[in-house]
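All chains are identified by letter, namely A, B, C and D, in their written order; residue positions are counted from 1 within each chain.
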Amino acid sequence: MPPAELLAYGRKVLAAQPFSVLLGTEMAALSPDMTELRLALRPELLQQHGFAHGGLVSYLADNALTIAGGITLSGQIVTAEMKINYVRPAVGEALVARASVVAAWRTQAVVRCDVFAIADGSERLCAAAQGTIAAVPPRETGKE
Amino acid sequence: MPPAELLAYGRKVLAAQPFSVLLGTEMAALSPDMTELRLALRPELLQQHGFAHGGLVSYLADNALTIAGGITLSGQIVTAEMKINYVRPAVGEALVARASVVAAWRTQAVVRCDVFAIADGSERLCAAAQGTIAAVPPRETGKE
Amino acid sequence: MPPAELLAYGRKVLAAQPFSVLLGTEMAALSPDMTELRLALRPELLQQHGFAHGGLVSYLADNALTIAGGITLSGQIVTAEMKINYVRPAVGEALVARASVVAAWRTQAVVRCDVFAIADGSERLCAAAQGTIAAVPPRETGKE
Amino acid sequence: MPPAELLAYGRKVLAAQPFSVLLGTEMAALSPDMTELRLALRPELLQQHGFAHGGLVSYLADNALTIAGGITLSGQIVTAEMKINYVRPAVGEALVARASVVAAWRTQAVVRCDVFAIADGSERLCAAAQGTIAAVPPRETGKE
């Protein structure tokens, strides 16, 4: 897929997720090598100490991992599992998640993602994630 | 803390998280042995196939893990890391997350959480999570 | 499979793993609900502080997870991923790992495992693990 | 610490772990940026299909993560948790694990590690890991 088409495809996927629309997630960049999501922080996305809620950070990582795996595997996919380490409070104007496939084969892709908080124009790593995206196997007729 | 006070405390923590208020998370039960969060599913919390977004499921697990660890440890806490396996599409009227501390010591608690989707009154496991909640060490004056 | 046959099958699998023979892992119990491995601790299995090496604990958890998933799924399987929290130093005469399937479908099983250290006849939890066992998809002729 | 001293220190740590001596793990390189462990594969380290046992791969990742975190944090440390994705069968003459710290603060370091299998002189990624190394807090007299 040409770069511009791939980006348009990614934006369409995101626009079709009501939850991502509610949160305001944007597809900043999309290529076979890197998926970049961006989410502007606003008061209702924070927790009680004024940081982005950890669950918001894990949502963004999960979504970047899934899209990165999805453009690598063909057909329908699901996120099988994810692990995330929160390394710093996520404080700033926006979150950026960047995900890249580490290894992929016919049925699964293993993907890593870093989430950064952007404050005053500079990025600071706030979480590191790793997960598995799985191709949904076609159902064999008459078996299930 | 008496049971009713603990539950009231948990609800206060949740009400102080703007992101949990946005999503509509409720504290269904809270005891030293179990934290139960409930979240009614509505269209804007779903993804493109009509299931609860995986990032919503991970948010709910993260929050239940954190609260369960927080009532076990004293003082200020942070969620250090979390791992989640998505085992079934989360379809139904509501999600319920139940978290219990597996082991805790002075500085950390390891917690497990199961997330269920409720459909037609019956529960089905949709995700299994495990994570670490860490006490924030008091800063030693003059050291940092 | 009758219980005695299942246990015999599990012991055969373990005996076929040269690494498990080197370490001395024993199949203590095996049923569709629970896989229990036991490993006597001896000096060469320890690290520099006299505890069982963390890598030994993760080996035992990995193996129990894999066997529990393997008797649930049919055909050839692989361990796709695993997460382990070390909650206490593993000190004592032996380690015991107990694994149970949390959820399984045609292609994958999600399994949890607790590892205990046995000292003076009593058990103490030293690690909590969770992982995914995947069925190896049959290769489609002419496709790869 | 000068590079040669750091490498000598790392080799001493490894030599003090009886389990690592049993398996034959070598410290191939050690710097503040990268820890590299190497382990020659021999028949008794394999599983039933002739691949390196997954538990051996997780041991090597665990050990590389721990050493990388340990040279970054000061004082006594423990491995708090680890996650590993097995991405290819580990087949070849040796395994190499390379670990680098992603983020560190006073009490914890988050570290990533890739494990490669070496066959016919070329490396292939066989596992990707991520974990947390924690500083053991000094015990406060009279409190516990």
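Remarks
The rule we apply is simple: a residue touches a chain if its C-beta (ideal position, glycine included) is under 8 Å from a C-beta of that chain, and two chains touch if they have at least 3 such contacts.
This is a predicted model, so every value here is computed, not measured.
Relative to chain A, the most remote chain by averaged C-alpha coordinates is C. The angle of the rotation superposing chain A on chain B, based on CA atoms and rounded to the nearest 5, is 180 degrees.
Chain pairs B-D and A-D differ in how many C-beta pairs they share in contact, with the greater number at A-D. Distance between chain centres (mean CA atoms), chain A to chain B: 21 Å. Per-chain CA centroids place chain B at a distance of 32 Å from chain D. Averaged C-alpha coordinates put the centre of chain A at 28 Å from the centre of chain D.
For chain A, the set of residues that touch two or more other chains comprises 80-81, 83, 85, 110, 132. Only residues 13, 16-22, 43-48, 53-56, 58-60, 62-63, 66, 78-86, 89 of chain D touch chain C when the two sit together in their complex. Taken together, the chain D residues at the contact with chain B in this complex read 80-81, 83, 106-108, 110, 132, 134, 137, 144.
Residues 83, 85, 87-88, 102-103, 105, 110, 112, 125, 128, 130, 132 of chain C touch chain B in their complex.
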